[in-house]
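Below: the structure, in structure tokens.
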Amino acid sequence: MKAGFTTQKILANSRRKRLNRRLKLLKHKRCKISLNQIVLRCTVIPRSITRRSKKAGLPPGTIVHVGEKRRAAVKLSVISYDGVNFQEQEVKTVDEALALRKKPSVMWLNVDGVHQPEIIEQIGKSFGVHPLVLEDIANTRQRPKMEDFDDYLFVVLKMFRFDEKDDETKTEQISLILGSDFVVSFQESEGDVFDSIRDRLRNNKGRIRKAGADYLVYSLMDAVVDNYFMILEKLGETIEEIEDKLVTNPTSETLQTLHDLKREMIFLRKSVWPLREVISRLEKAESPLINKSTFVYLRDVYDHTIQVMDAVDTYRDMLSGMLDIYLSSISNRMNEIMKVLTVIATIFIPLTFITGIYGMNFEFMPELGQPWGYLVVLSVMLAIALVMLVYFRRKKWI
Amino acid sequence: MKAGFTTQKILANSRRKRLNRRLKLLKHKRCKISLNQIVLRCTVIPRSITRRSKKAGLPPGTIVHVGEKRRAAVKLSVISYDGVNFQEQEVKTVDEALALRKKPSVMWLNVDGVHQPEIIEQIGKSFGVHPLVLEDIANTRQRPKMEDFDDYLFVVLKMFRFDEKDDETKTEQISLILGSDFVVSFQESEGDVFDSIRDRLRNNKGRIRKAGADYLVYSLMDAVVDNYFMILEKLGETIEEIEDKLVTNPTSETLQTLHDLKREMIFLRKSVWPLREVISRLEKAESPLINKSTFVYLRDVYDHTIQVMDAVDTYRDMLSGMLDIYLSSISNRMNEIMKVLTVIATIFIPLTFITGIYGMNFEFMPELGQPWGYLVVLSVMLAIALVMLVYFRRKKWI
Amino acid sequence: MKAGFTTQKILANSRRKRLNRRLKLLKHKRCKISLNQIVLRCTVIPRSITRRSKKAGLPPGTIVHVGEKRRAAVKLSVISYDGVNFQEQEVKTVDEALALRKKPSVMWLNVDGVHQPEIIEQIGKSFGVHPLVLEDIANTRQRPKMEDFDDYLFVVLKMFRFDEKDDETKTEQISLILGSDFVVSFQESEGDVFDSIRDRLRNNKGRIRKAGADYLVYSLMDAVVDNYFMILEKLGETIEEIEDKLVTNPTSETLQTLHDLKREMIFLRKSVWPLREVISRLEKAESPLINKSTFVYLRDVYDHTIQVMDAVDTYRDMLSGMLDIYLSSISNRMNEIMKVLTVIATIFIPLTFITGIYGMNFEFMPELGQPWGYLVVLSVMLAIALVMLVYFRRKKWI
Amino acid sequence: MKAGFTTQKILANSRRKRLNRRLKLLKHKRCKISLNQIVLRCTVIPRSITRRSKKAGLPPGTIVHVGEKRRAAVKLSVISYDGVNFQEQEVKTVDEALALRKKPSVMWLNVDGVHQPEIIEQIGKSFGVHPLVLEDIANTRQRPKMEDFDDYLFVVLKMFRFDEKDDETKTEQISLILGSDFVVSFQESEGDVFDSIRDRLRNNKGRIRKAGADYLVYSLMDAVVDNYFMILEKLGETIEEIEDKLVTNPTSETLQTLHDLKREMIFLRKSVWPLREVISRLEKAESPLINKSTFVYLRDVYDHTIQVMDAVDTYRDMLSGMLDIYLSSISNRMNEIMKVLTVIATIFIPLTFITGIYGMNFEFMPELGQPWGYLVVLSVMLAIALVMLVYFRRKKWI
Amino acid sequence: MKAGFTTQKILANSRRKRLNRRLKLLKHKRCKISLNQIVLRCTVIPRSITRRSKKAGLPPGTIVHVGEKRRAAVKLSVISYDGVNFQEQEVKTVDEALALRKKPSVMWLNVDGVHQPEIIEQIGKSFGVHPLVLEDIANTRQRPKMEDFDDYLFVVLKMFRFDEKDDETKTEQISLILGSDFVVSFQESEGDVFDSIRDRLRNNKGRIRKAGADYLVYSLMDAVVDNYFMILEKLGETIEEIEDKLVTNPTSETLQTLHDLKREMIFLRKSVWPLREVISRLEKAESPLINKSTFVYLRDVYDHTIQVMDAVDTYRDMLSGMLDIYLSSISNRMNEIMKVLTVIATIFIPLTFITGIYGMNFEFMPELGQPWGYLVVLSVMLAIALVMLVYFRRKKWI
């Protein structure tokens, strides 16, 4: 799913390009075709609902892919490991994958693509998964959640991944099924944040090969949460640039961008917030599938989640503050203009009155006949103008 | 009950018609006769209270229909099924319906219309239902709730249904009574969102025929919640169109519409929010009427309810943001006008002063006699005007 | 206590009179003497505190009447009933009342007036009531609450009653003491919302004669809550009328009225909110004084209380929205004025400049000598004016 | 401690003096020296922190007086009583006081002044009090709290007392130590709200002489809470006067006063809010030091506390509403001015244009030669002015 | 870490310097290079995230220093004490430190600097600390927290320290490990708020030498919390100075400063708030590592934490109020200007109209020929001007 963080996407093209150009791009895109901004809007909410409604009326447990249309074939890859052995293989069919399962090794079956119901169904049958879980896997609009089915745990996460190749932030739903000796992970498309985990598995780094399937699930969750920090870092850069912009040259696009950022914060918050509950429910579940020794790691992910929430909240406070500053600086600018213009008008209005007096056609106006009359009047007008200027300046009006 | 979602109703006439016309319609309706907008206002609160007050002073358990007046006869339809048998029949009287009850089949008695107290009373007696429950069925202003009476469970829901035929969104109260082998459902009028369930029953699709009465109740609740997504989708479209409108041409009708939408959100929220508690109480009730295997389905409905709440909250945030943007764009427009006009005035005021000077009638004004005087003054004035224009532009005031 | 809902009181005089006149009345009253508005203000808070302070320094349990001064004699009325017998009598003294108590009949002693400490004290002694309870009965500024003294329960409610005779809404504190076979109810003055209950007792309608004292207390509470709906209905009418007013002709009185209504909502909320806790504590108390079969009725009152709260909250949201609309429509009106006036000024300023030019007294101004000069200048000025008007209209400034 | 409620203090000088003068005083004081306003500000927060920091680095349990500097000698007074005996005496030293303790009488040792660490320490040793408690007694910036040390309970309260003599509201910290047969109370200075309690002890009024030390502590707390109502009453008067002021003549001082009142509300809230917890913890502590029969009295104080909170919250709501009204009335006034002035200018600008036309010096201007020209033009200008005035009035702009 | 409280830092240079200069400095810094203001911004959030992202992909338990770069060598100092013995020594290596450990003395190992992973790792191994704890020690962006590992407790705090030497406020993360007879404390750099504790240890002041390791941890926490008061005191001074500034001469820098202060409050709040939970979890942990007698001291720290929170909240309320006052005083100033200027213009516009009349060139204008015409007109104009001035003054417009 290409979506979510438009600003980041644009930022990524070239970090050094001026925000100015970015804002123009944003605006340009907004008012023309497909434009990421609109995509964001559609993705965040309406689309999730739109697609959802396709399902109305179907019996529960019907696997319907709800999400972006995809054409790429579903990719299956299997990693099977224990303290000693390690095997990694891409397979074509679910049966092939199952053939690679040999106890007591832990098998990690990763599925890239949830748009082929038959594959999900086959996996579901092989591992004895409840139809409603399969439905949730295909319907990529779930909130992060954890469900305990005794034989297996089902965890849904939202992965935010910055794809260096496409210069884009991608949002995907990750569904994890944790059994006693297997983990099945479903992603919406190829490409993920788990390369470092595969690395550690291959090279037997850290505890991961010695620990069980539960530790693998923890590692996957940890990788997902760690990538939130990357996204936050990028958002933070955008916010800082806009903050500079605010002081120097606030425009109505800045307001739009502030609101867009606020909305992205809300979106991010909604993706991260339920994670707290997911993890604390994992701990409280007292499932035999999770080792006690893994709890301390889960608590670590929990702490990171809270740190993400803290940062998101701080950003939101900053954005609110910036909104206030924007509004007050806009009105300050307007006031400045009005003030200066009014001062000019005010100085000339009494002067024009004086010229009006000596433009009157009375026959008996002694001043008019005086040779010095004109100069005196000019001088008086100059004096009045100067006095007013001095007065205004002393009052700090100009 | 014809009510609730005016905007949707209008939208439905022709999705492709411009929002512009819709807004005009809205406004038009508001200021003239019966107008849905007013209906909404009346329905959402005052009317519910108005009708409620009719009841003051009556002993508890008195069945009084509180809601829209209806004249259509109450319609009773019975579906009786088990894994093997299926029977569907429309009946005239409650006794006819009861005659069709044969254990161990599950009987679903659907009642279209709650404005005939005698029918509700008769059903109540036949199934041993508490008088207060019967009162709540007839009084269609209940909040969604669940009550456990050991022998049966009583569930109240709010159904939002888009009626394709009438191009209208209809809101109705659905009251469900779940016994060990029967389900009685009460609706305010004909037409509902349960056709797909009837279909599944007829054609023995999915688990529904094999499962018991509790699964039927779950299916009904699921159908109700699924239709909230349809409503949200429509609201989402309206919001998007208004958002475009906001940027291009905000009017005071836009403000009104924003507030109306906000109010509809509040109304929707109030209808959905208590559902969470209803479902979690169903789970906690530990009633023998509900199979453990149905719990996972209830949890699924629960998740959907939360997704609806999430979407509603996101819409509300968007609407608040749009309100801010509206207010600031209105004030921006005003500022633009004032600024340009003031600039024009400001340029001409000093020039008029100059013409005033040479309009004075002093006898001794050497410039006046010069043949080039007029041209010089004209040029000077042109120069002053240009300098001011350049200055204003450099200051970005125009 | 004459107080609380000024707006309703005025409304009641004649429902068909225009809000306009009402608002004028409101304003009029506010700026002159005693004026209900001020009474409201005094009653809602300051007075309750004022009177309260009289008590500072007295030992606890001292019965001091805190509330509106009253002179009418305290009225005692006794109803004694069971499934078979019914006796109703007005008595002069507490002893007379006690003489009518004959087990196992339920005795309902109703006391109209709490300003005679000696009577309260006497009743307290006869029924073995704690001095602090007696103090609370006389001090009519309690929040709704429920206290369990094992032998009896003490319940405080706020009754809002629309008195058809005086065309006024009256607020009174109702204190109820529930014993095993008696109920004592204290009101501040004559007139209440319990006539329908007395009717049901007299005519043996519904369960009431068969049920015990606890059911009577429930009936009293239900009658009190049912009357909140009447008050809400009236407030709803006022709100609707003001809403119409807002669009057509907002004045600063409208703002005042909005704030007054908001304050009344807060007052109503404070009276209703604690009721929730009162009822749920009645359920949790597990007092032998309350039959299990009464619980379902209490739950019904609880639901009504929540419906009242819901309506109050909706009204508050509506009032907030109306406040926003008011402020923006006020500023819109101002902007309209400023805009049109500025446009007029702006058109004439350049024209006046042109007249200024040809008013100059240069000797060499060729145009002045031309016979067509005057007409040309007039035409040019007309053209300029027209161009500006067209431009302004195209920009939608006028 | 002279502080807290400046407005009250000023009010007290003469209740009948106009608020106007008071506001001037406020403003005057604010901009000059010591001024109560500043004292308030310093007292409420900065000073509490300032003094607190003196303590940084000292070992815990070090008794350091944190609060206003005092020079008066600490005063010790002992009251010893039981149902039969009563003895009251002022003593010089702690030993003298202890000598008067004779079981089973209850001894109440009242200490006026906490600025002499040695006295607090001596008392602490005699009654076996923990050093941290002694530290809290001397450090008068505690929040109200209750601590259970098995042998004794430690309670901290904030006393607001209106001192008739000095015409001032005084805020003091009251620390109470409740043992099985003694109560020690610490005040910051002489003068308190306990005179009525001493009276009741002397004259054996009510239960107080028969009840134990716990009832005495309750009585002290009750006296403290009762005096909050006095303070609220005074604040209520100020608020009402400002409300009148708001409508008639809002100034920027009014805004300042509104904010000051809001701040005082926050201060009062902070002093009262923790009291709820203090009392409910007293109940839950199940300490043998508190008789069950005292619980109903504690609950009574609890109810009063909630009534105080309710009033404070209502006042805050009122102040917020008044702030809104203030802002809108300020902007209304401004708008009125601008409107009238602009209307005047607008009427004369077209007229001046007309005079400009006939001030032009074209040779061929037929109107100029007409004898009736001047009168016609004057009449036309008059007509234009009248038309504009009528138009403006019809539009309700003037 | 040099950061956090810029305003304080600047304030510290010379407390007597005028805020004016400070504000200029602030502004100056903001718009130029490195500038503390920016440092604050970077530190508070973006940086914490930036650095955090370095870690993405590493296996959990990898010790990576996340925080400000440091070059100074890590300093280890050991204090070993019991009631009788006391030994204090600076050591080079962890082994040296461990050699000084001799039971039953309590050993306090203080580590200044967490940027050398190997030292942390060595300490971790020696004391049997979990790798994730070591990771948290090096990653200085933790929220305050407490974790119970049975054998030891892990506590994270945020230390705010005003460094007199550098005239700077420094923020550091303090990590504490409490074992049965040892405490290890990690700081980011040299210099801390613990000197008074070292003093008390050296001189055997108070209970500290007699009590165990848990009391030492309490003392460290107490010292950290006590220093928050110092920071608050400084912030309070700044707030007061800005408040004065607000009334006399509000500028847009004031607004900026207000927002900066608000942000610092949020930062402080985030550092202090979790401390409440830390301490209450320490109490609830029921760890054998903490003596019951220490609980009363922990409760004392808890109370102080709440006092800090209270002060922070009060400051925030004050800042919000000041923001309101700022905005309204800005708009007041603007209104004043506009009003006076408009009044001037308005007076002269009618007068100019009159001069226009007598500037017209009609042949038949009888007034023009009158010798007193000129004087009369001048007088009339003067009269009009005076009447208008009087009118405006009476209306209080000028």
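Per-chain residue numbering starts at 1, and chain names A, B, C, D and E are given in the order in which the chains are listed.
Here, contacts are C-beta pairs under 8 Å (C-beta built on N, C-alpha and C of every residue); 3 or more make two chains touch, one makes a residue touch a chain.
As the structure is a prediction and not an experimental result, all values here were calculated from the model.
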Discussion item. Using the touch definition from the top, what's the fewest steps needed to get from chain B to chain C?
Written reply: 1
Worksheet item: Chains in contact with chain A and with chain D: which ones?
Response: E
Discussion item. Using the contact definition given at the top, which chains are in touch with both chain A and chain E?
Written reply: none
Worksheet item: Through what angle, between 0 and 180°, must chain B be rotated so its C-alpha atoms fit those of chain D, rounded to a multiple of 5?
Response: 145
Worksheet item: At the place where copies chain C and chain D touch, is the share of residue numbers found on both sides over half (same) or under half (different)?
Response: different
Item to complete: Determine the centre-to-centre distance between chain A and chain B, using the mean Cα coordinates as centres, and give it in whole Å.
Response: 28
Practice prompt. Averaged over CA atoms, how far is the centre of chain C from the centre of chain E? Could you give it in whole Å?
Written response: 45
Practice prompt. Could you list which residues of chain A touch at least two other chains?
Written response: 338, 342, 345, 349, 352, 356, 359-361, 365
Discussion item. Under the stated contact criterion, what part of chain A meets chain E in this complex?
Written reply: 193, 195-196, 200, 205-208, 219, 222-223, 226-227, 229-230, 232-233, 236-237, 240, 243, 296-297, 299-300, 303, 306-307, 310-311, 314-315, 317-318, 321, 324-325, 328-329, 332, 335, 338-339, 342-343, 345-346, 349-350, 352-353, 356-357, 359-365, 395, 397
Worksheet entry | Residues on chain B engaged by chain C in the complex (per definition of touch) | 41, 44-46, 48-50, 52-53, 55-62, 130, 132, 141-143, 145, 147, 252, 255-256, 259, 262-263, 266, 270, 323, 327, 330, 334, 337-338, 341-342, 344-345, 348-349, 351-352, 354-356, 358-361, 365, 367-374, 377-378
